[in-house]
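Presented below are the structures under discussion, each in the form of structure tokens.
There are two complexes below, and they share chain A, which is joined by chain B in the first and by chain C in the second.
Take a look at the complex of A and B:
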């Protein structure tokens, strides 16, 4: 773990060398979800509600998923750009070092400019939570933290899975964006507005529903019956990460260098 | 003119090589399309008042947007061109016996067309045969269809002219990612790619209709579904042409100014 922070610190120093470009990028990153959020706001201004969900409620959904995504993009960027690492044969260097591969790939990139997105998502989260009247209990606070942290686990899992494919294909796969960007886009609305099969797929196969829709019902007191199950739903994210790590290890064993 | 035509053709063939990327693109477009339709379906199912655009019209809008995405998005980026500027290799292009504006314009146009040629027909055909709520409806009459084709092509010329302005701005900023991000995000919202313009509040619509972005995507898609009637569409096509002329003149002027100040460091 100490090693990881050292990696991060070095990357931070190197990125701060280009200060103007850094701030421009941060600002730009901030704008992207802002435009999407503005779109969301205008839709609610026109329609009022979506299947019984009000604007602040959906905004919480939106903010949780975007916060998780922004955090993941910050620190798991190494996996996102893994195809170039394999393509240029740099992964060989990682393999000969006496440390775990996952730690090293994680530490190879850290995108600080994404902090702009994170900040924007957090602002939306605070705005949304403050405009809702929620009776806060310690359990609900824990649930909220679980939602975001487990969201990070899911996105990391997908990034790792996508990176693993690179061992075989060498190139990055565009289809994976369905799961990352598409999943993010989809999960910014509560899952019950979609068709049954979509909702099922994104609850049981890739558990996006478990990190915002189900626990959010608990926070908003919309649940029927036992609340604990809803509250613990985010832990599905941790369960999701395990097979991803397993697949990664299989992939590493199949790795054949591209040379150069 | 023959020279620009051959640049255009070369680029077109080059772009057509990337078939697997196109296939992946198609799958992704379908996924996005379905998600967008389901969201709007949910919004429409409990709408309190009649929305200004019917659901079938909206669905056509979404499928056309997915099919012709490459033709109309602003953030399609040819990093080769911006690299030319930042690395100084633009010196080679300046030596060529051709106007650099037209040369680049032909390149960008071909890039868009080759991308769209591979992607649009599968999406259009499949979405045309989908079961009822998701189906792409056919245009109300053949006249509307021809108007759609004309306005889409003009929109393509328009969006390429706008993206030329972005490349020109790289001369000043030297940081392509910053310029692109700013333009792309704003352009996407202003051209109705995030939320169709008729669904936005009235005051915002007034602003958007006065800008050229609306004519790149929102306008042709609504002409197709007949949401914009033929008489209005003819006027709109006229305005498209005016915008196109203005953007050409401004772009060429800015380009010549930028080129006058350019300093290429050796290397």
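Take a look at the complex of A and C:
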């Protein structure tokens, strides 16, 4: 972990060589989700509520998923851009260094400009939470932290899966953005507004529902029965990450036997 | 130190075909052909040797280096380096080796060289005292003092290559793999890099395995060459041995006091003639050099004689040709 921060530090120094570009990117990153959020606002302006969910409640949903996504894009960008790493043969370099491959790929890139997106998402989160009347308990705070951190795990898992494909294809697969961007778009609303099969897919296959919809019901006291289950739902994110790491290792083994 | 026995490696490569129709077809169905990159490669290397690993493009040089540095897993064969099997104990093995890919940088592009060095120190977990002593030794021998504070992207290629080599030696490896370390360098930088490789080999006993297309690198550095072509080992031995085994052609250039009578030496072909100078080509299998010289001195008053062996480049080309025919 200490080594990871050293990687980040050197990347930060590199980024600071291009200050103007950094600030412009950060600003731009800030504006994109803001536009999406504005869309959300006008939607509720017109319809008032969706399936019993008010605007601030959906905003929490939105903010949690966007915060998790922004954090992931910051630090797991190495996996997102992994196709260039394989294409240019840089992965060979990773293999001749005495450290794990995951750590080194994570350390290969850190997208500081995404901090803009993160900041904006956090602002929405605070705004949404403060306009709701929630009785905060320590458990609810833990739940909120779990929601975001496990969201990061899920997105990281998808990034790793996508990167693993590069071992076979060399080029990145746009298809995977259906899962990252698409998943993000879907999961910024509470899952119960969708068809059953969509909700099931995003609960049991890619558990986005487990990191915002289900635990949010716990925070908003909308649950029936055992609240603890709802509260611990985000840990599905950790469970999701495990097979992704396994698949990654299979990919690395494939790369080392084909050397493509 | 290094034992390689019976290495085999076959790649499946997608067949590339021309034409739009074929390209569209390839989107759905691909045909593969097997390419044997390594066929029964065996050799062993003693500690402290400098070995030149040469061969034409696509001969299997990089594949061998990749297998030996733990990147690739071969189909069959044994490779034991310092008691490790590179592809099985990757993490513990690579601590003991340094790898320089001439065409790819291992330094962080936008930050001063010293920052890259410090990160490498942490990656390889080099103890601080060892790091400091290595750094000062490398800075001195490679003359890096002024370069350390400069971002890598602002360095010239020669300067960068010196930093690359230094970077791969910070963790005191016992084996150094250099993949085309002099590619693209000017004459001065080439000499500096070569001298450094010699120094590091002599002072620290680092075993060096280098691939190159520049035969003067080999002549300057390697006491031994391993030549491969089409995945097969063609020659393993000294450069001298290669010469005496394959090179039988010599060129004799003679300068003499003006003599208008054309020369005739039995067994030697005349390449050029003028009243002051003549050039002969002989085959040492047919005629001994001293006989030619004796014949020459009986006909003219010799002022100067030079005898040139076949340039090593020609020799290699000749060897490639022979083996491609067989």
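List of remarks:
Everything that follows uses one rule, which is that the second predicted complex is superposed on the first by the 255 of 260 C-alpha atoms of A that agree within 3 Å, B and C clash if a C-alpha of one lies under 4 Å from a C-alpha of the other, contacts with A are read in each partner's own complex, and residues count from 1 in each chain.
Going forward, a residue touches a chain if its C-beta (ideal position, glycine included) is under 8 Å from a C-beta of that chain, and two chains touch if they have at least 3 such contacts.
Given the structure is predicted, the values throughout are model-derived calculations rather than measurements.
Applying the stated contact rule after C-alpha superposition, one finds that A:17 touches chain C and leaves chain B untouched. Legend: residue contacts after superposition of the two complexes on their common chain; A:38 is shown touching chain B, with no touch to chain C.
In the superposed model, more residues of chain A are touched by B than by the other of chain B and chain C. Contacts of A:48 after superposition: chain B is touched, whereas chain C is not reached.
By the touch criterion defined above, A:137 lies against neither chain B nor chain C after alignment on the C-alpha atoms of chain A. Once the two complexes are overlaid on the shared chain, A:249 sits clear of chain B and of chain C alike. Look at A:84: by the touch rule set out above, it reaches neither chain B nor chain C. On the side of chain A, the complex with chain B involves touching residues 20-21, 24-25, 28-29, 31-32, 34-36, 38-39, 42-43, 45-51, 173-175, 177-178, 182, 185-186, 189, 193-195, 198. On the side of chain C, the complex with chain A involves touching residues 11-12, 63, 66, 69-73, 87, 90-92, 94-95, 97, 99, 101, 104, 106, 108-111, 115-116, 118-119, 122-125, 151. Those residues of chain B that touch chain A in the complex are listed here as 21, 24-25, 27-28, 31-32, 34-35, 38-39, 42-48, 51, 175, 177-178, 181-182, 185-186, 188-189, 194-195, 199-201, 204. Interface of chain A with chain C (complex): residues 2-3, 6-7, 10-11, 13-14, 17-18, 88-90, 92-93, 95-100, 253, 256-259.
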